[in-house]
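Labels run A, B, C and D following the written order; every chain starts at residue 1.
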């Protein structure tokens, strides 16, 4: 189960400190122009070392295209992408290998497999998400050609929430924060946190504009169901919401239902999905990240023999993993959307011909977007 | 995509007001005793008409076992379950068919397929979930034989939350509410709501006790990822949390990480899952349900030609769909767990032999459970 | 694994002498007109009791459409089809249940599952193939709307092979034999065989005309690979060939390669598939059926305790299962083709736009067809 | 669809003359010792350049293990294997790119995708099978630990068939021929063929000894069905047989059925599979390879504009691709068996406990093996 998607399938491999990480993107349509340079922007956005508020691992993250692209164009055959791990520090992992860090997958991997690669978290490291971002570069490109734009931002860090939602501000600061005025406050907060040796959680919102109505499969292939799985598969995620999410629990029906008018929907509590299928409104997903479990602060724990030990995690670690997670959430949103778009084309590609009335009413779009 | 699961696969079919609904449960191990009576309890818990607070559809919901069971024992071949729709009211659906109810899948089905079955919501009706509950009766039985107990309760309705978590109280009231003392307050609240013609949301918590460490597959087959997809695939769900969920966003790392001791974990913020794999602690999932979209209160809407119309929904509808959702959430939890258990046995069935050290340390269990 | 197909998925269930058999056809496009009468023709072609040369089970095989069709049109939701087993003879299965018939799945089911339904072969009975034929009625209809015609014939029975390939003759005799002149010879042969209590094998050829170039997925989703799996999944099949099949072993390359001209290919040794993808030529698959294992002739065998026993198979059995298999082979061919067509549309639906040159050269068709 | 298998999944990527080929083996159990050296033997057996009778491409085919193995032991995470293409000849592919070689996938890839990588056949080259052989090295090792031995041999080349079946002889000659006395005849035959510029087909038989009864899933996951798909997915394969295959067509039932005795089966016409499930007998699969389509002999053909051109294929090509296919057929057999073994363990892992009678009667084995 290192494969994600039904028709557009991403298979990733690689450990944090193994020789390389990589992915195979299968099912991609032919005819898309792809060059190694295309991956630079999003990998840099996700990369460690972007700012002093994220961890200090410095890797080139140079993507090599091994297959599936001929003369710069996708051929429809599997696209393999490879990134060598150049920043593998040689050190003694014997101590780490023998004990379980709280909040980490150390204990569960060891229980499941009877063996684990202890170097930097091995397969359970967030380094794996690099390949999701890389694969999604292609998905984003394909979606953009169809008028779909995917982006994300940080909507909470610890107890701080944005005072404004200024999309233009997001990419101007290292926090993907949609209110530039709050950036100094965030910087001070993060500096204090890093000094304390502690960490904090964060909430990311990923959105997609321009998704046409009809993407998504009812019941077990619902667009929101697959988004939930996609987001929850990211390291450190503990919650996923579509549209108003848990706030809907306290809503009344008359307040929550999004009224349609000839000019479009009057609200978007649903987050752009009804019955598992896109409605033509903005798709909106919120994702909760727990605080980084790797802390400089020592804690009592256990070793593999059941003895009590002091667990101290050294090395490079973000005080807030959620910050760098914005491009990862975007990536998962883009991959799910493109997969669903292909599946929709497969089953309903000729709905227009068979039922001409479907061609009508596309003017019902989101007036509030 | 009307199939759920990897090795234990549930395929459901049927529309709300078609001749029947049913499911095929494939991949089930042989040797499990199953009788038609086994389905009665959970189907009754989920059934409409359980109390005056849920809708008035009265159906026998009698399960017929069509295959896969010989002399009362599962044979390993697919188990088909069928329920005839006996309460199909004959009425004129022409008006409903021509307009889009806000908050419903009417518009998106119509956009996707160019055709929809308008009778009672057709395939998008929550009636489909009956078969999930039926299939999960078998999963719960198999899990129980292995010491795993699955149950659920209502943790919020509108703005009301339980004052206590008394597991014994859950099945003594029609709200699956874990504090018997609050039941009169809930009854009054629901009566007022029904009188007003409005509806409200709810939050369900589903838990599993006794899950051994090691169930779940890393990366895209994570136990929490599959639970998120499973829950989000239920009608009206807008959010899913594992453990502390969105509350984790405001946690610090030192506060959130669950410390292990020789006697077990000291807390369970993680909800029993680390790195996508069960830790041996209680699995805890929270699910947000939006308020019922079908209201007696009229609303402006659109018909299939784009004209503005008054949409009035008559018929039987729960003022709070979340109440009846408790057994559905349990069902999805049970199905995911059993599927993961089978997959774990496939890949790691001989871990004990190969790596004898895994046999140790099972004493690390949840002290708080 | 009672599900077949990737996007067009058939899930079958039911035992030979259980209450019913059925299937769920998922992923079917909306907008196809389907009525219960549509199933009559092909089910009758496959049915037992068609002639005195096939077994005497008399069942109505009435298909009930349980879901997925509204007002006679497919809606895109799963189509469930049900056939009640009306001809279940009540008899004592205790003896059959305790011994293993040679050439049957009795022993292997018992070894795998530790339990088996002995009534009429249970799940391993060819009765299951009824639902494949039923599901394929829909696939054939969809394909026919796109100019693809699927049919089959018997190409060998015992040592007898057709003297001519007259497509018009196939449906005029109970053997699906493409040379009407040989029918008396076949009748005499079968009468003698039935009298002897023995059985014989047969070879079926299934063909598809009008398949456009481009259907099929390279490597593990090859059109020929999936056809091989589809045919080999039919009861009693021991071999599958595409085009010239095993005769290719003795060919030279200069003899085997199909030369292309502006008027089309000059031969079709390949059977219409190159590199796993349809070439636009006729698709041709040959399927070998072993002789019926159920014979009146007694044979020494074993019971479940390992004792030597005399095994005598009574009941209704075809002396040549291959005869009735023609519609089953057609069904599997149609299902594979439609599934691949949908997958092709998903991945390459816009190849024409992106690479306009693909629009050319469709005049290269099979001159020999 | 570049992924093969259900639980043990092989995803391959790479083109013949791209930078690299590789695979990801997912779902592999932990605890298997694997080193780069383990791949040398089988890759050499498959490699081009093994003898003067196979083509002259000289590649090291050095396997790099990129992930999934820690300190020489599989960890349960995906195993990525990479082979750099070191023998990429730089040459002008413009002419090849513009015309369709008969018998090749050139035309169908171009029709499907609108673009193709013409270098050495691109993705449709048999070079892809290298990774199947590499992945199967791990499967063979796992199977061997459970007493299952997989091997293969050449059973026909052109019109020549073996006079004896001497398993010990197979690996002593470059033809995998089971009769050493015929090797000089074969050498002369191949020398003449190569001189003529023509090619010839071949038949490979792959067998597995020691497979326990019970592996395989009925209906659409049948062991023989999956073997048929696996073999047919190999380049140039046109036919697959299980056991007696097409010869069964002329058999009578009394002749074909394999009689069981307390000492074992008296024959193995079935090829070790009954009802899609292994019987405990030897598994035997025969595979037909067409003659190599790439010939020095010129032929009339078409270019991408539909013009008639002379097609001359230069470069390195085996006059009989079937010779090198023996290890590839073994690989597919091993991969299918291991996948089925894991699936069997998942569903029926506790059959022994539930139905103790299954533990008996394992003395019913193949007396003739």
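Everything that follows uses one rule, which is that a residue touches a chain if its C-beta (ideal position, glycine included) is under 8 Å from a C-beta of that chain, and two chains touch if they have at least 3 such contacts.
Keep in mind it's a predicted model, so treat the numbers as computed, not measured.
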Could you name all chains that are in contact with subunit A and with subunit C at the same time? B, D
Of C-D and B-C, pair with higher C-beta contact tally: C-D
Most remote chain w.r.t. Subunit D, using mean C-alpha positions, is B
The distance between the C-alpha centres of subunit C and subunit D, rounded to whole Å, is 25
For the pair subunit B and subunit D, the C-alpha centroid-to-centroid distance in angstrom is 44
Could you grab the centroid distance between subunit B and subunit C? Build each centroid from C-alpha atoms only and quote it in angstrom. 39
Please list all residues of subunit A that touch 2 or more other chains. 1-3, 12, 27, 30-31, 76-77, 112-115, 123, 218, 343, 348, 351, 354-355
Show which residues of subunit D lie in contact with subunit B when the two form their complex. 7, 27-31, 76-77, 218, 342-343, 345-351, 354-355
Could you list, by residue number, the parts of subunit D that touch subunit C in their complex? 1-4, 6, 12, 100, 102-105, 107-115, 123-124, 128, 156-159, 198-203, 213-222, 224-233, 235, 237-246, 248-262, 269-271, 273-280, 288-295, 297, 299-302, 304-306, 308, 322, 343-344, 348, 351-352, 354-355, 357-358, 360-361, 363-364
Residues of subunit B defined as touching subunit C within the complex: 1-3, 9, 11-15, 18-22, 24, 26-27, 30-31, 64-68, 70, 73, 75-80, 82, 112-117, 119, 122-123
